[in-house]
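Structures follow.
Two complexes follow with chain A in common, the first pairing it with chain B and the second with chain C.
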Partner chain A sequence: MRVEYINPFVEAAFNILKEVLQTEVNREELYLKKSTQPVMGVAAIVGLAGDVEGRVLIDMSKETAMKVASTMNGEELNTIDELVKATITELANMITAQAVTKLHELGFKFDLTPPAIMTGDNMQVSDLNVEALIVPLGLPQGKIEINVAIKERVGA
Partner chain B sequence: MNMNTETVANSKELDEKKMKKIDFKMVTFTLAGKDYGIDIMKVREIHKAEKFTFVPNSSPFVRGVYNMRGDIISVIDLRVFFNLPVEKNEKRYENMIILRLEDNTIGVLVDTIEKVIGIDSSRKQPPHPLFGDINIKYIESIVENDDSLYIILEAEKIFSSETITESRTPEKAIPAASAVEEIVFDANAIRTEDNSKALNIGFIEETLPTYAGFYPTALNRDWVIDRFDSWEKQRGSDNTQLDNKEDADAYLRGFNSPFTGELWGDEYISALTSMLPEKSGNVFVWNPGCSRGYESYSIAAVLKSKNPEILLKIQGNDNDLINISSAPGLMIEKGRVPSFYDSFLVSSEKGTQFNEVIKDSLIFEYHDLNNDTSLPPLDFVVCRDTLSYMNEAVQLKVLEKIYESMKPGGLLMLGINEKPSNGSNWELIENNGLKLYKKK
Partner chain C sequence: MKTTSDFPSINERVPEGVTNDGKPIRVMIVDDSMFVTKQISQILSSEGFDIVATAADGAEGVEKYKELYPEVDLVTMDITMPRMDGVTALEKIIEFDKNANVVMVSALGKQDLVKKSLMLGAKNYIVKPLDRKKVLERVLSSIK
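After this line comes the complex of A and B, so read on.
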């Protein structure tokens, strides 16, 4: 994980969450994880392609997802329905887009895929040979992990 | 009745359809009770053989050489190669498959040779990462046939080290096995010499990982043992134990290579420069454990001053986020570094840094060696005093990874007191106390 990529993601996640949820966001220590990692329950995934390849995964538990969606929509939501999924997807879109904009300003170019959302129990994400940077963020609604696994195109 | 014949006819038809699509044939054999296949186009013949001529100083999986109607071929025991149990063979003859690779003929010993099976190559499936017995890189694919699963091996991969180096006897060691042997050997040698000293060193070796995160293995054991005498002199013979982190750090004093955490000095640079080959085109360097980047910048300057025309990429890795984050913007105090670097420095109001030529060749990554990564073909690896702080399994994995990714003739630089545990793969080059290891 190239060091220049780290800060844009941390800052984007921090700023966006703080803004849309109007709450304090608690940054926890960053760390690296093996490429195979368990997913907490709801994961929005955004693919990256261009100078670098990889993906960004916004990962949280179902309870957190419902609470975050409730806050963002200003209404109480109690099931993972279309609205919750759409809200989390949008959140992923905003975070990744802001990070990519910051990176673009630094001279790194790449494209995004539209976010996809996955829900379920006991899921794992594997991506051989890429380790993931975990950006854990503590919120009153629960914990959100931004999971960034990108690498330089080999030989590029 | 009618329906039955119809079904039979149908299934026959299906079978025929399947038969028509056979476009891949493989020779199947067993290793430790499991079924494997190998592309028949790679197989020259099947042989029952005995009396292999032992080759001294070869890897454990090399059974020797064999005279096949006048052709001398090397023979490899595939079970040993894959760390599988070798069944005691009651019969005198062993089953051997003779493989024809690009410019090499090699015999491999297996448990039993079954038959030739034709399959539809579209039914081959990629290997699953969970296959335990055999390292996944040797597996081409998996195929199911008649309710059995066959693991199709990639013949070229297994013997790639030989085809590259064109050496007659395969020398690619199994790191795990050879390292263990070395350790046992070392320990025994000391024990017979002086029992209590060995015991004391043993205690120190056990406590170093706990207090200093330092793992004594074949990589650095020579130094750890040598260090004991001066340590004993310093502390007295009844006070050699390491009781806390300070003791451990004191014991390890002197282990680190020269110019750790600073730019390399003139002598070091000139010794290294004379050892490096002339290069042109793309040059890839991997520098794991680069910390704040002084090492990576030094390497860049050395390589660029030797061959200014090369397209250099140096990948610096560290798992300390704070250190590695400061590497891309490293500030230099001009006047306090050797004048060698002057032509690569630029000054601005913010301070002195390396110029664009050097900076553009460097990529710093936050990376933990415990995790896998993919590397381009490498020309040069500088990994000083980094592996010693990883446990043995990781040390071996990383060394294996380096060996695998290294271009033929590529150079490895370890810490001044380290040597590669998979030593037989590397040729030592020495100059002025500086040691480089060249991929054989």
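After this line comes the complex of A and C, so read on.
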């Protein structure tokens, strides 16, 4: 997978998180994972289809999701309820919208699915035939991983 | 200006969401995200606006606008929604009431749809992420 696909997502996540949480965001070292990998507990997934295809995961622990949603809502939220899920969905919406605008400007043409939120313990994600690039972002609320597995479509 | 009572306060100011004759501006929020609805509602309520209705998709928004007419002064309209999108809902509201004040709420990267909305009669637009200043500025300019 080419690094240029992940950078717009990481930059967008960095900008949006900084803006909505009013905090410093620490970009940590990028790493690569093959086939199957664990997911932390609350993951927003967005699918891409077009010149490039694959998926983007915005992945965090339940604790981080509740803390992030609490900050964004200006109130203490202690369970993964509808409001927390709606908040993380909106966060994923804003990040992907900004990233995709950038990728479209670079000439990549593709459509997005609306974000879906998955929650649970001991979850894993498997991507066949494409490795995932992961950039952890450190926040006072915890760690959020931007996890991107995208490849060019054959024949595109 | 509001007249002062027995204990005038130097901090006293007229909230933005109230007309010159003291009536709150009545708002309907159309958005499929509970988070965004809450966010807009909190910002506007804190300035004295009255949130008279919310709708979770464009179709519900059009329906409620017609039902409440003429008791809604302003509509905030999300663009991407299930069932009926915000641009179609805007079109239907303007068709019903050509003087409707509709402000579009959009994610980044929807410039074409924002442009189309403004041509169809939307008064203004706000790009997410939302913040207090941005929301108040755009909403107020659309009803003045």
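Quick notes on this structure:
Please note the rule applied: the second predicted complex is superposed on the first by the 155 of 156 C-alpha atoms of A that agree within 3 Å, B and C clash if a C-alpha of one lies under 4 Å from a C-alpha of the other, contacts with A are read in each partner's own complex, and residues count from 1 in each chain.
Simple rule for what comes next: a residue touches a chain if its C-beta (ideal position, glycine included) is under 8 Å from a C-beta of that chain, and two chains touch if they have at least 3 such contacts.
Computed from a predicted model, the values in this text were never measured in an experiment.
For the composite obtained by superposing both complexes on chain A, the positions of chain B and chain C are free of clash and fit together. When the shared chain is aligned, chain B comes close enough to touch A:Glu152, but chain C does not. Once chain A of one complex is fitted onto chain A of the other, the partner contacts of A:Ala49 are absent, as it touches neither chain B nor chain C. After superposing the two complexes on chain A, the angle subtended at the C-alpha centre of chain A by the centres of chain B and chain C comes to 150 degrees, rounded to the nearest 10.
Look at A:Glu4: by the touch rule set out above, it reaches chain B but stays clear of chain C.
Of the two partner chains placed by superposition, only chain B is touched by A:Glu131; chain C is not.
In the superposition on chain A, A:Met123 makes contact with neither chain B nor chain C. Of the two partner chains, chain C is the only one touched by A:Val20; chain B is not.
Shared-chain residue A:Leu30: touches chain B; no touch with chain C. Touch criterion not met for A:Ile80: it reaches neither chain B nor chain C.
Between chain B and chain C in the chain A overlay, the least Cα distance found is 25 Å. Comparing which residues of chain A touch chain B with which touch chain C, the overlap is empty. Residues 1-4, 6-7, 30, 32-35, 126, 128-131, 133, 151-152, 154-155 of chain A are the ones that touch chain B when the two sit in their complex. Residues of chain C that touch chain A in their complex: 33-36, 38-39, 42, 80, 107-110, 128-129, 131.
Here chain B touches chain A in the complex through residues 129, 319, 321, 324-325, 327-328, 363-368, 370-376, going by the rule given at the top.
Taken together, the chain A residues at the contact with chain C in this complex read 16, 19-20, 72-74, 82-83, 86-87, 89-90, 93-94, 97-98, 100-101, 104, 114.
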